């Protein structure tokens, strides 16, 4: 018998959020089987409690930073930032979906369990320090997302969204894996630090091959963050998936995917940064342009928000292209601000859509400012943040990103990015226009007031958006300290 | 916490308060709040009244965001003083003129008006580039809603066009601001300016020109300078009266203020080398605006194009790089704010009566409404620059400054003055003289008490500014002298200044 | 290039394995892009994963460590999970639309 | 090259024995079922119907090979081939006994000893389902399709408990090579209780054995789990459209699977060729004694014949038995044959149970079958594996 | 010998792979894929991966692909219809695939030193025991979190595919 390996207690502590999330997920599945229908109302609070515990867990884990399980994961500020972010997004998703699920007569506990599992996967991604763990975390998050996207399985839109998400997601995974295989073959390791050492040493493998491998991996990541030209799935998925799920998908998995993208490219491929920068540069530009110009033509608000989320991925890619610590910090901040903003926008859409998601045209928002001024005001905040108007998180995010890009002398990318954000204003304004400046055609169907969960999600997101816009220092300082060198 | 902070944040508090109070009392509350702001802001004259301070007064410099170091740095100088006062004056007037005109979603209207005031004051007092940009963008939102919700038929088109034009311009400025920060290590305007003046911060000509252009385009859109002006007529025509007033009187000044505050001192070489081009554009704008105004059948559009023409003078004055030119430009900014604001208010009065902006729908208004006609006449005369009224002083100074720089410029610009007399007087003739038609006679009534209250301060100011120039000019002159001083030194000089310093450092 | 018989009788160069892997991967990608049947498309992905596994094993041989075997083991597990979920999704799609043609599953448009 | 020739010879021998076994297994099944049902069974062809298998083979070979017009030809031909190929190839890793050391020949009684033999068997059994499923689909016949569907679902479902049941003894014995598995089961507790896994500590694998047995019935599509070919529901299930040799191939595959599964059960749980009790208590003489008893029985009935031809056949059989009994006494030969005997005896016993169950139990309903797999077999197997693992880890 | 075996099974794998892509009926494609997997399993054996070869047969060929076949049979999906608009696909696709393969092969030829050759039996760490040791020592965390993945897959399959009981 070889010597056995028993992890130290601190190593368990470093995966505490994942453990907590999994346990709560399993508990929900268990209760789903044993509880009567009437008692199933406890699932949203239970899931929220689980996420809250995981939040506490991730902060506890940050108390003893370091690597665990043979360097498979690395708990540092960067990991904790993204862990907290994805967990909070999960929390918002739980709040926003309880009402929705009841409305659609699908109040199953599996939904919440899947959210928890998906968040657990994203949390793994946030802290992963090894390509295989990254891959598995990514798959946990993705597969749970595929299911969530098709959760209302009798709705053709849902199943179509799930199918496209699934097929293209798996396709991307294959590319990612092929890249991992090559990195493994070239450097002899899948640990990010070890890869970095192998690439920076004198006996580094030929750059052409490393570049090919990194490019293959970028295809995989690019799909997950919906970067052009790998963005084709995003509109269909966000449009077809249940609205709260779209909200979740457009921020949580994306943030986690950016986390691994940044970690991989800055840690492992840091020594060859100059060689992948142009690739990311071009990709960022294409992503912004594709997202913004396609969004202009949309009449369905979910689809419009989908394209807009593509465009926003482009902005974050600018920060990635900067390949600097400031860039990483800017990307982190932007993702946080974007997460609340976009989630909030989708949450309002969820609320307005009503049963069966009949009201998802932009025109269906006509007169919302009269019918529910509070909701309209919240959506206004989110849209202004998406445009990048000052005093919202979106503005500060954009500001930091462009600052980071200029720091790295990406002048033209900055200018093009800024022009893009001006173009983007157009389609967000259209929503504001119909909300405030048009009246609903004919007697609009009464719009019930939002429930507690929905209010929590929307107001919480709005508060966070404003907070990040007015006092960005709180988050940014942590991000700057936590960002990878 | 200085008086300036109070003036700046009172409108924001008003905005929040208006959102919270019940609908029916929002009108009164808005009036009281805006008057309060105005009264408080009068205190800002204090230092200039008793002394003639150089530099900034009422400064507050506090940390807002640690990293990157963004500061809440505000202060007042001769340039911003009158613009702030103009803002605080026109806000209560806007509240008053909207009293009847705005009949739906009243509360939101006034709330947006207060928010707009907040943003405008902020733009004029910010001394941190980031803070300036924040206020700059904040102004967009309420104005967008003011036009979009309470405007006329094509309001949405106009609102979106307005937003996108300004947004597109300002993003380039943002890039330039960030670039400046990356080079200077600070967003603080004062610090950056001193770095540039001492030559510690110097750019290669090409870079400086690009930075200048980034700022310039953004400001030029706002001004609006000739080829970038197309949003303005739409926005003016579609906006409600109060929106037009704020837009014409104050928001356009954001552009010229920016040119004077940022473009010229920060990038003096680029500004100087591009001056002929800018002047050419400005003159084109003057003549083009006047010519187009001449043929407008729509009153508001006419006034809007006249704004293009008038602001051409301002730009021309700034880019003449002479003391008189600059003084005239600033004075003309204020004049235009007063007289065009009054014109829009009066056109609004007419619209409230007749529900039409077409000049053809009027005619003979003088008969049923003699007081209105009289007031309109004074305003018209002010606008065309009749001596002893305000515009005359500004235009004269500008022309004088321009003549000192380039006599040809003056020749062309003077053409604009003549044309302005043509279109304004022709407008007056068509609308007010002649036989009153059935519709005019039936609908048009004379000024009411509230309307008097709103227009009298402006009329008074027209006269005051036209006759007692010295009440206003000294702070402006002092500030302009400083701007010219810092813009005068050419880069070569600055670099030479730097050399001994560098040797000493070694 | 040594004479052909020697090539055939001797040990196979490692690069052959890697090239085979690349060929299969490219075939899978081509299948994904050009086939219209959803299940065939899905199987093309599986082919790509298999190709990746071959690379892992071949690299493992080169490095003299069995990490690659473990990676491909994980890949299999993931593929199994993907297959379960993916086929379930395909079932729901078929139930809703009675077709497996990918071009006909395109109701989501602007 | 010695290795190659030897392997060829071994392969030929194993193939011959296997084929014969398969053929006669069917005869035995018919006989046993007949006796369970108080019938006589085949007795026309040859003495006691002993030549019946031969006759069946001839019949199947000479029958017209029908090719239904609506089938998918490629897969229709391929399916039986796949089924029989994977069924037969599995035998290659099964060891039948210890080593043969006769003169110049030194070899294991096994075609090949893989160190992953158990996994090999699992893998092949997983492949076997293709034959059935494809046959069902290619036949383009709804009964066949249903049979094919049922069989693939059933086999996937039962593969899980099978694998879990197999994993438990593997945990204890710590190897995947069949030969080492059997060697790890040698020896006795207290001198007489064999250390077979069903008896071996720390957790006797009786539960695993039963689970494996049940799952094996399902894996081989045998009663009571013969849903894929349930005659009264599906006409004949997946092989409805098959006739002549292709039908025979499926038949052969089924019996070969039975044999393989029985062999695996023997090797994993019943100690392979390890005798039931130690040699010092005379286990080596059991075959001799048995064959002597058989000879005695034959002679007795030969002299008191029930039918006229018994007068010749039974004494002849008696003489053969006597001969075999003697062979078991020749030391070098016995060393080879004794393990073989024990192995065959255990496999034969399990095969007998197969037939016995078929004669006794009715068929499940399909949903019962699936529910049984997922709600009973699977949890029990997991619990069993968990317990075993815990015990192994603690001991 | 190694080369011959490689060439044989590589040829089978590529043939089956091509068949997978070219066949119009999903069942044919599925069986081709099984063929690829089988021949890959043999190649794994040549590379010394005994455990992984068997896992390939058990997990991939024996479970995953059976599931595929099961679903294809269940849906009784017919062959692909040939749409007119897709006629360009093979013409564009074949050169593209060839080009990608060519580039890949070139890169690989440069990557792998000519001395790296595969001899059967030279790699000794592919047995289950070594793999298990490495798996449960170094890769215990990924192994454990994979269980979440499997749980998700189970839940997902149930959520999406179960029949409504009401």
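Here the chain labels run A, B, C, D and E in written order, and each chain numbers its own residues starting at 1.
Basically, contacts are C-beta pairs under 8 Å (C-beta built on N, C-alpha and C of every residue); 3 or more make two chains touch, one makes a residue touch a chain.
In this text the structure is predicted, and so the values were computed from the model without any measurement.
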item: Shortest path length from chain B to chain C (each step joins two touching chains); value: 2
item: C-E or A-B, whichever has more C-beta pairs in contact; value: C-E
item: Most central chain, Cα average position; value: A
item: Identity of the chain that, by mean CA position, is farthest from chain B; value: D
item: Chain at maximum distance from chain A, centres defined as averaged CA atoms; value: D
item: Gap in Å, rounded to a whole number, between the CA centres of chain E and chain C; value: 5
item: Cα-centroid distance, chain A relative to chain B, in whole angstrom; value: 43
item: Distance from chain E to chain A - Cα centre to Cα centre, in angstrom; value: 30
item: Numbers and ranges of chain A residues touching at least 2 other chains; value: 132, 136, 139, 143, 146-147, 150, 153, 162, 185
item: Per-residue overlap in chain C, given as positions that touch at least 2 other chains; value: 18, 25, 28-29, 42, 58, 62, 65, 67, 70, 74, 78, 81-82, 85, 89-90, 92
item: Junction residues of chain E - those touching two or more other chains; value: 51, 55, 63, 67, 72, 74, 111, 138-139, 142, 146, 149, 152-153, 156, 159-161
item: Chain-chain contacts as defined at top; value: A-B, A-C, A-E, C-E, D-E
item: List of chain E residues in touch with chain A within their complex; value: 107, 110-111, 133, 136-142, 145-146, 148-149, 151-153, 155-156, 158-161
item: Complex contacts: residues of chain C adjacent to chain A; value: 18, 25, 28-29, 32, 38, 41-42, 45, 48-49, 51-52, 55-56, 58-59, 62-63, 65, 67-68, 70-71, 74-75, 78, 81-82, 85-86, 89-90, 92-93, 95-97, 105-108, 110
item: Of chain E, residues touching chain D in the complex; value: 27-28, 31, 34, 41, 50-51, 54-55, 57-58, 61-63, 66-67, 69-70, 72-74, 76, 127-128
item: Residue ranges of chain C touching chain E (in the complex, touch as defined); value: 7-20, 22-31, 33-37, 39-40, 42-44, 46-47, 50, 53-54, 57-58, 60-62, 64-67, 69-70, 72-74, 76-85, 87-92, 94, 100-101, 103
item: Residues of chain A that touch chain C when the two form their complex; value: 132, 135-136, 139, 143, 146-147, 150, 153-164, 166-167, 170-171, 173-175, 177-178, 180-182, 184-185, 188, 190, 235-236, 239-240, 297-300, 303
